[in-house]
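Two complexes are shown next, each including chain A; its partner changes from chain B in the first to chain C in the second.
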Partner chain A sequence: MTPMTPGTAEFLLAFADDEHLMGQQHTEWIGIAPFLEEDMAFASIAQDELSHAALLYAIVTDKGQGGPPDDRAIDRLAFDRNADDYRSAQIVEVACTGWAHALVRHWLYDTAEELRWSLVARSELEPLRDTAARAAREERFHVRHADGLIDVLVRTPDSAGRLAGAVNDVLPLATGLFDPVAGEAEAVEAGVTSAPFDTLLPEWTDRVRARFPDIDIGAIAAPASAGRARRHEDFAALMARMNEVRSIDPTAIW
Partner chain B sequence: MHTYEVFLKRDGQEEYRHAGSINAPNDELALLLARENYLRRAEADLLWMVDRAHLLVGDRDFVAPNSDKPHRDNDGLLVAAHRKSQRGGM
Partner chain C sequence: MSTMTVDNTLRDRAVAAVATVDDPEIPGVSIVDLGLLETVTTTADGTVAIGLIPTFSGCPALAMIAADVEAAVTLLPEVGEVTVEWLRSPVWTIERVTDDARRTMATNLTLAVRADSGPTPCPRCDSPTVEKSEFGPSRCRAVHRCDSCLEVIEVMRDR
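For the complex of A and B:
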């Protein structure tokens, strides 16, 4: 029996949507990051996330057969669905227009993402297993990059204060990454993933505490769960920016 | 910020080559930023970086006195011409 059930497809789409939108958000810092080297580095990391998204969408489009990717079908999933059909978490939809917020989101997201890939490292779905191995090689550098910047910035009071403010703003949305997605139980059942993502929430929270020891994480109010079903109010503008050029000629070959 | 010089090398006999420079606040970020700026298209297999402050620099005044000593140049042309003539002028 193929593990590629409708529930598995839902599960993969949620993962792919997160990677896609996170990658897009990071690329938008090209040209305006605090210094030239970071411009390129952040956009390069973003491209890694976009490639993860493309690989995950490809698994959905060819039902886990591992064939050559159908770019058109991948684009339809990535760009052409109705807003309600996306399964992204609000952390990747919200606009972070300040660098402190973007950096804190980068750290929170990639720390969670590293854990997320570990759950599918021994997936019954072979292309997912391969993608997980590749992503794991990249994610350790993403987290190191975010850690390296934060290590420097927390040493000055002004930067540390900005980061603390950003953690307060972003953390409640970040916990939404762990909201169970439709199909997850089925994906666990089929051996596509080894456990629900929220089983790693305590591990992630420990890492957040270790990274931001001066912040009282318990005091930050958790939002009502969006369950990946409701789009953040910034989602529409994000999609419009992503489709701005593409919509000029939807038939163009890129 | 420190300025680091970046050297890249491919596996095999190619030597390390200077690829450019990069600004970074410390060694760890210098490595990570170089990885994303100079190696994102698999440009090399090995990386050297050095803080410019740690380079040993010979300035112009130190180097220039050796630029006007043609008697130290030997391109071998005279010797080659002589040997050619001894072989019978082929």
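For the complex of A and C:
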């Protein structure tokens, strides 16, 4: 069986949508991050995520052939689908209410993403395996970035309190990353990914507890069902912002 | 690419053309010396396919570099269709940066390349530098300081 089945495409779309929307959300801090260097660092991380998304969408558009990417086809997947056709988790769709939320989301997301790439490191789908090799190194860096800021911020009561509030707000949505996605079982069977993502939920949970030992986060529940099938109420506004410039001239060459 | 010999094969001329393209953020340093050129394939009817690898997925200069490479190769005589592609593999590593490039970066830009092990030496005075931030002005650079000459140093890194 060729690894590139319709189920594999669905599986890849969910991953790509998460990466795409996470990258778009991070870019919103350009110019308003707490300090200048953070502007640069966070924007660089956003660009990595957007590039990962493009690489994943490209596998879908050329059916795993690994040829040159078709930018128009990638854009159609990234920007032109109906809301119902996205497979993103609500954690990447929600509008963060401040820097603490954005930072906590960044940590929770990238810690999960690092685990996610590890599942496809030996994928039967060669372009995915190659992308994972590069992305895994980059994710390590992303997590170190979030860790470095949190290490400093937990030392003062004011910022530690803001982080704790953000963890409690964001964590329930973050578990939705582990929602089973359509096609995942097929992707596992085809060797595209080595196991369902939710098998790593306990490992992720352990990392969350180790990162925030002083925060009472209670039980980390299994994901609420169908989280990826439903868009968060903030999704429409996010799509509008993403397409604001592009919609002025859809045929423009970028 | 420092010792260029006269060679008329299309492939060698294509490599030489790519070597004229500098990294837009590191003027004076060719992308070939930075180790970005991975494959050059030519055919008898003059088509040239260039395969490049990025330092990092999120490098904002990728589109500009690809356009510069395509323009440089297209200018060659007897060249047909030119394609430039960013490859998924291999992963770029710091060892791909040539000694020539390291010297130019150190001399002209006070830009160091991260040492494989131990502290990265200062490009000005060769003393060990101390990392001040992993997060420099671009994705591939950290910020160090030299405690001897007190210079703030940008350090190219691969992870």
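Basically, the second predicted complex is superposed on the first by the 245 of 254 C-alpha atoms of A that agree within 3 Å, B and C clash if a C-alpha of one lies under 4 Å from a C-alpha of the other, contacts with A are read in each partner's own complex, and residues count from 1 in each chain.
One rule holds for everything that comes next: a residue touches a chain if its C-beta (ideal position, glycine included) is under 8 Å from a C-beta of that chain, and two chains touch if they have at least 3 such contacts.
Remember, it's a predicted structure, so these values are computed and weren't measured experimentally.
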Room on chain A for both chain B and chain C (clash or fit): clash
Which of chain B and chain C A:Val152 touches, first, second, both or neither: first
Which of chain B and chain C A:Met40 touches, first, second, both or neither: both
Touching partner for A:Phe141 - first (chain B), second (chain C), both, neither: both
Touching partner for A:Ala219 - first (chain B), second (chain C), both, neither: neither
Touching partner for A:Ile32 - first (chain B), second (chain C), both, neither: neither
Which of chain B and chain C A:Ile253 touches, first, second, both or neither: neither
Partner chain(s) touched by A:Pro68 [first = chain B, second = chain C, both, neither]: second
Which superposed partner A:Ala210 touches (first chain B, second chain C, both, neither): neither
Residues of chain A touched, compared between chain B and chain C (which is higher): C
Clash with chain B, by chain C stretch, listed 4-12, 40-48, 76-84 or 112-120: 112-120
Common interface residues of chain A - those touching chain B in one complex and chain C in the other: 37-38, 40-41, 44-45, 47, 141, 144-145, 148
Partner chain A, residues of chain B touching it in the complex: 1, 22-26, 28-29, 32-33, 35-37, 40
Complex contacts: residues of chain C adjacent to chain A: 56-60, 83, 85, 88-89, 91, 133-139, 158-159
In the complex, chain A residues that touch chain C: 37-38, 40-41, 44-52, 55, 66, 68, 127, 130-131, 133-135, 137-138, 140-141, 144-145, 148
Chain A residues within the chain B interface of the complex: 35-38, 40-42, 44-45, 47, 141, 144-145, 148-149, 151-152
